[in-house]
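I've put the structures underneath this note.
Two complexes are shown next, each including subunit A; its partner changes from subunit B in the first to subunit C in the second.
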Partner chain A sequence: MLELRNITMRVGTETHIHPTSLVFKPGSFNILLGTTLAGKTTLMQLMAGLEKPTAGEVWFNGVNVTGVPVQKRNVSMVYQQFINYPNMSVFDNIASPLRVGGVDRAEIKRRVGAMAELMRISAMLDRRPAELSGGQQQRIAMARALVKDSDLILLDEPLANLDFKLREEMRDELPKLFGERQCVVVYATTEPTEALLFGGQTAALHQGRVADFGPTGEIYRRPASLTGAQVFSEPPINTVKAVKSGHMISAGSSLTWVAPEGLADGDYTIGIRAHHVTPFETAGSVPVDGTIKIAELSGSESMIHFDAIGGDWVSLSHGVHPFVAGARATLYADMSACFYFAPDGTLVRSGEAEGRH
Partner chain B sequence: MRRVSWLVPTVYILFLMLPIYWLVTMSFKTTNEILGSFTLFPQSFTLENYRVIFTDPTWYMGYVNSLIYVTINTVLSVCVALPAAYAFSRYRFLGDKHLFFWLLTNRMAPAAVFALPFFQLYSAVGIFDTHLAVALAHTLFNIPLAVWILEGFMSGVPKQLDETAYIDGYSFPSFFVKIFIPTIAAGIGVAAFFCFMFSWVELLLAKTLTAVAAKPIAATMTKTASSSGYELGLLAAAGTLTIIPGAIVIYFVRNYIAKGFALGRV
Partner chain C sequence: MNKTVNQKAWFLVLPVLVLVAFNAIVPLITVVNYSVQETFGNNVFFWSGITWFEDVLRSPRFHASLGRQLTFTFTILAIEVPLGVLIALAMPRKGIWVSVCLVLMAMPLLIPWNVVGAMWNIFALPEIGLLGKTLNAMGFDYNYTRQPGDAWFTLILMDVWHWTSLVVLLAYAGLVSIPDAYYQAAKIDGASSWAIFRYIQLPKMKRVLTIAILLRFMDSFNIYTEPSVLTGGGPGNSTTLLSIDLVKIALGQFDLGPAAAMSLIYFLVILLLSWIFYTVMTRDEANQ
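Here is the complex of A and B:
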């Protein structure tokens, strides 16, 4: 079990990680979700012991490992860049942690062979990493990380530099690789879709703070806060300020709908994900008038950016819906699927969790 | 256009090769022929000049001395520059950029500025006229150059490589020797090449800091010219031989150099 207890990281006057506490169970798959500079890599370096926290403690299986150098911990890490030892053959690359660990030759040969088989790089063991493709190079790095029985495996956006097809392929394979192991896996990504595909637990990071932490599907449907919802939405979540009084809730005169039952009167920030805003009317949807800014049509999907009440809105829908930039248009927001956040940002009601979505 | 495309490089190369050709043909001529007539090829071909150099210790010891201090200097410069360049490429510390720049400014002063202080200092501590004296003096220029070249190469290696090695369990020294140095081998080759070349061609300090025991070939050449009149054939032969070590070194690092010019910031 990996525990971060009020871990803090400051570099000079900048705070990279604000006091953070997280607990990861053995055999769990954990995702760090956040944009670039959200602190994912720093947090991983702190977990691995590559960096020493300014304050706070790292505990592993009931032992305080805060000051323990990375060499003395049993961790593995795979980076976004394909990091391999260029002067060594593929075999030696994978064997390197075992050699340093003093494993005997026959055992090294057996384990590297098995791992290469699993990673489908058996035919390239005599070659140098630079002679292989990006996908294969990342497989070497992955094999090296998995060949020793680490207690903690850190994957820092390992698929980000791969092309689309390879990424899909490795996404399918990844969870199988960890299947039986009793190690803690931490996977950093910038893409909410990737987090949802892997499931497990997700920590949504924003500017060095954990905005939300819990089972991935759960925090997607019921984010604890507006920030959490913003981190876990791609394209960005639409937000608008609204006031509830009586049966109705309204965000200005043009956007009014029936408030859900049990919602107290007062001010709210409404969050509605892009795929709940469509160019066509659906049952119970509310019209939103605006001016089209850009319409990006990508084969089977339309992403429409438009200017409406409260600022920028994004709509994501199936099918091709051509709009001309600058034109007036009406889009429809399915308010039964929206989030109601209190003025301080905490979630009051989640349409996605309670509604039909 | 087709014809011009080979013509231009050919003319250029001929132009570059002409002085070297002239030096080499001169080395196979007698002094009388050199002074007496204008000839494109040696009329009376002779190896006498080379025989003199390879049999007379005052001549061949010049090469031996030069090679000794150049080798000491190259090894010393690269060994000192490696950790320094690593620090500049991997750590941020107070005044790092200024220190880096200051290192480079050492190269901006002419060697003559340092000749007197070195001469006096080395005489005082008793290493005047030793190979070490010249090797040490040349490190003043070569270490900054080597640091500069190596820093470029090291910064081209992602920091994550270091981290991966630590995660695999390597200690810093074993990572540095087993993984990092092989990774930047090209950079070390380029740095060593520049140190070698600078030290090999530098005359002023080498001449000032030696008398007999460690006298470099360049000093022998200038001295011979002044004492025994015009021995042009002999000097040409010595000059030809002086080019050879450089040519050999270039041959060995040629692949690295090409890679090096692209990768590092030379």
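Here is the complex of A and C:
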């Protein structure tokens, strides 16, 4: 079990990680979700022992390991860049952590062989990393990380530099690789979709703070705060300020809808994900008038950026809808799926968690 | 699909061709012209075939100069390359000291060659030079104008001082291009500093080191100004490198034929050795 107890990281006058406490159980798959510079990599380096926290403690299986250098902990890490020893063969690359660990020759051969089999790189053991494709190079790096029985495996955006098809392939395989291990796996990503695919637990990071932490699906549907919802939405979540009074809630004069039962009167920030704003009118949806800014039409989806009440809105819908930039248009927001946040940002009610979405 | 063929494109190469012709091909042909003829003055030339080449290749004087040249070049390579890499490894990678170190390192490279020669000439003088006087005061019998060993010592020291920086800068450029993740990965593996050097830094520096070695090889093999100002080839012929010998023959004795033949041989030796160096150093990559 890996525990971070109020760890803080300051570099000069800048705080990279604000006091953070997290607990990761053995055999768990944990995701650090956040944009670039959110603090994912720093947090991983603190977990690994590559960096020493300015304050706070790191505990592993009931032992305080704060300040214990990385080589004395049983840790593996995979990076976004494909990190392998350039002039060693694939076999030697995978074997390197075992050799440093003093494992005997026959055992090394057996374990590297098995790992290469699992990673489907058995045919390339005699070659050098530079001769292989990006996907294969990352498989070597993964094999190196998995070949020793680490207590903690850190994956820092390992699929970010791969092309789409390889990424899909690896996403599919990855969870199976960790299936029976009793280690803590931590996986950093910038993509909410990736987090949802892997499941497990997710920590949503924003500017060096954990905005939300919990089972992935749960915090997607019921983010603790507006910040958490913003981290966990791609395309960005639409927000608008609204006032509830009586049965109705309204954002300005043009956007008014029936408030859900049990919601107290007062000010709210409404959050609604892009896929709940579409060109189609449905029961309970509210028309949003605006000016189209950009229409990105891919083969099967339309992403429409438009200027409406409260600023920029994004709509994501199936099918190709020929909107023209500069034109006036009406899109429909399904307010039964929106989030109601209190003025301080905490979640009051989640439409998405009410079961219909 | 029709392939567009437009022969007019060749005209675009013309300016380069003219330039190369004037600064390389024409002078080279002139040298070739001299190397196969004999003259007794008054611009009257006689065909002499390959006599000069045979003479030069058989001459003990040429063998001695070539030997000194090879000794010089390989000695400075053996010192400058490892020393340059060591200094580059010791240099800071981050912070304000980076620019300070880089400027200090680049300094010797900015000094004109004849000034370097003159500087060391005075610096090493046994009676008044700082280096010469200090060495003598420490009890060493040091006099580079009289003793061949001392002349060699000074010559090599001067070249190391002048040119190690080039290796440092190239090696440093190679080092800073290695992403941090490599060092972290090595740390996680528990790799020793030697292992990090051997398996990460050295392979990643290989390309720039190949360039550094080639440049230092060619430059040191061509070296003329600095030793000519420092020792003038002396004492005796002890520091007469190929280029100094060539100038003595061509301008001192005005033996244009042998000098031209020697120039061509000199040129071919550099070409051949550079090719061997390059092939050996890049063989590994070609195999991949």
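Simple rule for what comes next: the second predicted complex is superposed on the first by the 356 of 357 C-alpha atoms of A that agree within 3 Å, B and C clash if a C-alpha of one lies under 4 Å from a C-alpha of the other, contacts with A are read in each partner's own complex, and residues count from 1 in each chain.
Going forward, contacts are C-beta pairs under 8 Å (C-beta built on N, C-alpha and C of every residue); 3 or more make two chains touch, one makes a residue touch a chain.
Just so you know, these numbers come straight off a predicted model, no measurement behind them.
Visitor: Put the two structures on top of each other at subunit A: do subunit B and subunit C fit, or clash?
Guide: Aligned on subunit A, subunit B and subunit C clash with each other.
Visitor: Which partner does A:P86 contact after superposing on A: first (subunit B), second (subunit C), both, neither?
Guide: both
Visitor: Between subunit B and subunit C, whom does A:S76 touch in the aligned arrangement: first, second, both, or neither?
Guide: both
Visitor: Have a look at where A:L263 lands relative to subunit B and subunit C in the superposition and call it first, second, both or neither.
Guide: Neither subunit B nor subunit C is touched by A:L263.
Visitor: One more residue to check, A:L50. First (subunit B), second (subunit C), both or neither?
Guide: both
Visitor: Kindly classify A:E131 by the partners it touches after superposition: subunit B alone (first), subunit C alone (second), both, or neither?
Guide: After superposition on chain A, A:E131 lies in contact with subunit C alone.
Visitor: Is A:S96 contacted by the first partner subunit B, the second partner subunit C, both or neither?
Guide: In the superposition, A:S96 touches subunit B and subunit C alike.
Visitor: Taking the two structures together, which residues of subunit A meet both subunit B and subunit C?
Guide: Overlap of subunit B and subunit C footprints on subunit A: residues 45, 48, 50, 69-71, 75-77, 79, 81, 83, 85-88, 96-97, 100-101.
Visitor: Given the complex with subunit A, which residues does subunit B contribute to the contact?
Guide: Its residues touching subunit A are 158, 160-161, 163-171, 179, 182-183, 185.
Visitor: Provide the residue numbers of subunit A that touch subunit C in the complex, in ascending order.
Guide: Residues 45, 48, 50, 69-71, 75-77, 79-81, 83, 85-88, 96-97, 100-101, 128, 130-131 of subunit A touch subunit C in their complex.
Visitor: Given the complex with subunit A, which residues does subunit C contribute to the contact?
Guide: Touch list, subunit C to subunit A: 179, 181-182, 184-185, 187-191, 199-200, 203-204, 288.
Visitor: Looking at the complex, which residues from subunit A come into contact with subunit B?
Guide: 45, 48, 50, 69-71, 75-77, 79, 81, 83, 85-88, 96-97, 100-101, 141, 144
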